Amino acid sequence: MEWDWNFVWEIMPTLLEGLKITILATVLGAAVAAVVGLVFAILRMTAPKPIARATSFIVEFIRGTPLLVQLYFIFYVLPDIGIRLPALLAGVIGLGVHYGTYAAEVYRAGIENVPRGQWEAAKATNLSARQTWIHVVLPQAIPPMIPALANYLIAMFKETPLLSAITVLELMNQAKSVANSSYRYIEPMTMVGIFFLIMSLISVVFLRWLEERYARVEER
Amino acid sequence: DDGKLAELKEQGFARVAIANEPPFTAVAADGKVSGAAPDVAREVFKRLGVADIVASISEYGAMIPGLQAGRHDVITAGLFMKPERCAAVSYSEPILCDAEAFALKKGNPLGLKSYKDIADNPDAKIGAPGGGTEEKLALEAGVPRDRVIVVPDGQSGLKMLQDGRIDVYSLPVLSINDLVSKANDPNVEVVAPVEGAPVYCDGAAFKKGDEALRDAFDVELAKLKESGDFAKIIEPYGFSAAAAMSTTREKLCAAQ
Amino acid sequence: MAAPIIRIDNITKRYGPLTVLDGLSMEVLPGEKLALIGPSGSGKTTILRILMTLETISGGHIQVDGDQLYHMPKNGSLAPADERHLHRMREKIGMVFQHFNLFPHKCVLDNVTLAPMLTKGVPRAAAEKRAMELLDMVGLADKAKNMPAQLSGGQKQRVAIARALALSPKIMLFDEVTSALDPELVEEVLNVMRKLAAETDMTMLLVTHEMGFAHDFADRVLFFDRGKIVEEGKPDDIFTHPKQERTQSFLRKIIAAGHRV
Amino acid sequence: MTDWSGYIGLILQGALVTLELTLMGSVLAVIMAFVAGLGRVSRFMAVRALATTYIEFFRGTSIFVQLFWVYFVLPFAGVTLSPLQAGVLALGLNVGAYGAEVVRGAVKAIGREQREACVALNLTRGQAMRHVILPQALPLMLPTFGNNAIELLKGTAVVSLISLTDMTFQAQVVRAQTGSTLIPFAVILVLYFLMALAISTGMRWLERRVTRGLDGVRT
Amino acid sequence: MAAPIIRIDNITKRYGPLTVLDGLSMEVLPGEKLALIGPSGSGKTTILRILMTLETISGGHIQVDGDQLYHMPKNGSLAPADERHLHRMREKIGMVFQHFNLFPHKCVLDNVTLAPMLTKGVPRAAAEKRAMELLDMVGLADKAKNMPAQLSGGQKQRVAIARALALSPKIMLFDEVTSALDPELVEEVLNVMRKLAAETDMTMLLVTHEMGFAHDFADRVLFFDRGKIVEEGKPDDIFTHPKQERTQSFLRKIIAAGHRV
């Protein structure tokens, strides 16, 4: 089979349409993940033992099972108990909760990485718990988290094709649909690959920059 | 030349692509592949001297590219003959014929009887397998892309209908009947056949260039039809042998 | 003689099976300069950390400036201190750490003004004025806008001293404040502490391996070993005529290693 | 009624395929991780460039795209792989690219001081890597390798898209045949979780074995 | 007088814009014990690291035991040394680091035997025999099977010395080998080094802040400042009658900080 440039230009608008949905799903999913991750992290670190334990189990369970199956579950099983989500929303929630478990780890690591001496210095200067969090711990914990979080953002972006399994017309699904009606796989799939590669090469550069900017607070 | 057939004989089996859509194709609890299309293919290949078939389940959209990529030797999946498809693959003579049907909510609240009705009602959403005949019919009738939901498999389509995510789920009549009878849901009803949609027939689809194999297949298929064994295989599944025998590939591939 | 400002009464500190402080009692008078010396692991740091409420105690009582530190009166008897009580008690105590523990994300000036502004509600202008005085005192007024990472170890430690002083505590705790420093930087920190000892009547507790400095600085020296006070007395007595065998052998080793006493 | 025992058997067959994929994929991933990870710290520019290209390419394009390429596009270049081979290849190369960064990171983390001790003891680069750096780097890699193995396990669900009869795929089949959505999906969720649990438990055990004697060195 | 075993000729070392060594020249005689002292950042560590080929040089030449270190003869002229040449030269030199740099995954014995077995192909039995002699010499024969993590800092450093000696180098480099140790552990390491200095005729270069030890140990003392040798001489001269103002002020600070000279 030959590579056909005309065909590529013909399908481009459809693919770009899909790319838009892909990016939208990524951005919304990231927002959900950021919040869900915070909830998980706080529950695990500060809630009473049984709740912290239960949270840990849930987090482990979500991390140990495939997002694809979770998406099927959200989309096809939840309606049985009366929760019927539109496809994109179901996808965003699936992505958000799945990656929220990763974000929770990053939050925890970021906070634990603040040296004990900092907590002690805050205590020795008589700051309250709240003041310690706001003025001492978080300003030091957050910058190093940023590259790790960005990393997961990129990973999530690359997993959006899964949403095609629950009928979201994102990039991959559009490509498949094009392939379905034209019986040509090479061009649409290659174009999807190129889109992903371009996006992640851009994000690699962006990430390097983030790492340089945020990796170490002391060096500023 | 019949190099391809010799090859298959030597390896002892033919690789077929099937869908996961009873009664065209089915997988039993023990994992054995059955259904009308694979059963016919198995019998014909046996008579050609190829002992067995090995089936792999595939999405409709992936079947033709898979064939072209040499992933299977033949598609036996209820992939209806249409002119563009005839251009992409080499079909055998017709095997399974069926009309199109709708599954929809009880009482047909939107009054949908044809693909055109769906196009005309701006609220109606139709679900159909990606790359299948129904998707094409809907698009050709003028249903906009965003109201044609590509559904990965029959069970998902039915579920989406029950959950109110789509208003119509469209498949061939026998598939819809099988699906709806399994679901046993009083709130789902079937409209069959869909008005204005022709009856379609599938055939075994071979890769372009494998015409010698296809022709050999046709010879044995014709014998099978004549002997009456053909009807014995497909009629228990609900298909009509007479329908398949009353038309030809030539007609179906030319139809518009 | 004035009433002691710190009265430690039979306290015990355990980490799991390990008993670090074993029924320790001691008193410190207001304004007294105390040096705590002794081998590694003897519990010197632990006692300072307990006074700063960075640890909990396993038993005993501590009174600081007339109030119980880890306990508070409640319905006529003593209950474990709550966070509010601890907060009030910590106002009296400041601490300087071996590794400075400056806030790396804040400039020198902000390191010093942060606590007064947050814990005492001092307005920014007043806090900065006082901070500049203190930075001047430690010789770092010109580094006010620098980030901690831009300072040498000795400079960092002087900022840490200014930061602790900014809260005007009655008691200052110093835990090996020079042992993370390059040798030539030690002197600049010790100078600041000498000045502090001479100019204020703050109570000071100093843990150190610099025997020479302990000798000059302290009114009284306590020699710790295995969570107990083995010997105490005036610097001259402890350093030149130690009575206990353990004190003698410790000082011998230190001297052999090239430290002046 | 529905023959559940038969269908559960079908899912277990799928579980076997999933296990097989995870295992073979992991072997390939570990090999690629070391080859490319050590390639990244090589002295030779060309080796570094090659390793970097591999890593960025496989981390940059989505696993789905890689899978579809291997399955549908490679045959046009004359390479036809069975679905299992395609799955193992795509998953192994993909996860291997992530693993390579782990190897590189761990090797780098064994600090300058250990490398310098090796120079001072006149070990060659190869000797230093084999006897000093890698034995210390390995325990650092294991936790992340464990996570990667779980990612790979989860990634196998995706191969159902190229008609490999793994667990997710069989659940779909069972769903189509029985009309029940909840049961097959709930069953495979639990099975996936148990497999993930087995991986993390195994890795922790391995980690304890490998770090024995190093206690107190790392905090 | 014997020919120098090390001849450093006008070497320069730059890190980017920073010139750390600036046209430095010096010679060391076989068997000589040399102490390098000077303020932090003056380049003492750098010169040892250059001799151990842990750095590259920006200019100049170094001759060790008759051969060029960073260069080798090629087609009649001098070319930069390749890995093989460096490998051969490193056989003559051993180094002990401030932070010991023991291999944490190998027991004490294996730490000592690893290099002889790998670089010289010594059979295991012979390597272990020699290792035990060396461990005995540093007083740690009973710890042969311990892991480094189970040792104190002083013990670790003694193992590190044994490890370096196992290769029988002609020249030993010591970079602040006691400054990461608790004060009471310093002496046990210095004792080993005294013994070494007395019993062998190895050439030794020592960077230290322990002036007392430098005084007793060295045949000759070099005072470094800003990448240059400012003053050199017999220990008695340098420590008691330093001629240069910079040497005087450096020694004053060190003494004030409580170190015996």
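Per-chain numbering from 1; labels A, B, C, D and E assigned in written order.
What we mean here is this: a residue touches a chain if its C-beta (ideal position, glycine included) is under 8 Å from a C-beta of that chain, and two chains touch if they have at least 3 such contacts.
For reference, the UniProt names are A = Ectoine/hydroxyectoine ABC transporter permease subunit EhuD; C, E = Ectoine/hydroxyectoine ABC transporter ATP-binding protein EhuA; D = Ectoine/hydroxyectoine ABC transporter permease subunit EhuC.
Predicted model only: the values in this text are computed from it and were never measured.
Trainee: Could you tell me which chains make contact with chain B and chain E both?
Mentor: D
Trainee: Among the remaining chains, which ones contact both chain A and chain E?
Mentor: Common neighbours, chain A/chain E: C, D.
Trainee: What's the chain with its C-alpha centre farthest out from chain D?
Mentor: Max centre-to-centre separation from chain D belongs to C.
Trainee: If you average the CA atoms of chain B and of chain D, how many Å lie between those two points?
Mentor: 38
Trainee: Mind checking the centre-to-centre distance between chain A and chain D? Centres are C-alpha means, answer in whole Å.
Mentor: Comparing mean C-alpha positions, chain D is 20 Å from chain A.
Trainee: For chain D and chain E, what's the span in angstrom between their mean Cα positions?
Mentor: About 45 Å, centre to centre.
Trainee: Which integer distance in Å separates the CA centroid of chain C from that of chain D?
Mentor: 52
Trainee: Which residue numbers or ranges of chain E touch two or more of the other chains?
Mentor: In chain E, no residue touches at least two other chains, as defined above.
Trainee: Can you pull out the residues of chain A that are in contact with at least two other chains?
Mentor: Residue numbers touching two or more other chains: 1, 76, 165, 185.
Trainee: Would you please write down the residue numbers of chain B that are in contact with two or more other chains?
Mentor: Where chain B meets two or more other chains at a single residue, that happens at 59, 62, 65, 69, 152, 159.
Trainee: Touching pairs of chains, which are they?
Mentor: The set of touching chain pairs is A-B, A-C, A-D, B-D, C-E, D-E.
Trainee: Give the list of chain A residues in touch with chain B in this complex.
Mentor: Its residues touching chain B are 1, 76, 79, 84, 86-87, 165, 167, 169, 173, 176-177, 179-181, 183-185.
Trainee: Residue numbers of chain E touching chain C in their complex, please.
Mentor: Checking each residue of chain E against chain C gives 39-40, 178, 182-184, 186-187, 190, 209-213, 250, 253-260.
Trainee: Within their complex, state which residues of chain A touch chain C.
Mentor: Within the complex, chain A contacts chain C at residues 115, 117-118, 120-121, 123-129, 131, 135-136, 139-140, 217-220.
Trainee: Sort out for me which residues of chain E touch chain D in the complex.
Mentor: 49, 52-54, 87, 90-91, 93-95, 97, 99, 101-105, 107, 114-115, 118-119, 147-150, 163-164, 167
Trainee: Touching chain D in the complex: which residues of chain B?
Mentor: 17, 20-22, 26-31, 56-59, 62, 65-66, 69-71, 152-155, 158-159, 179, 182-184
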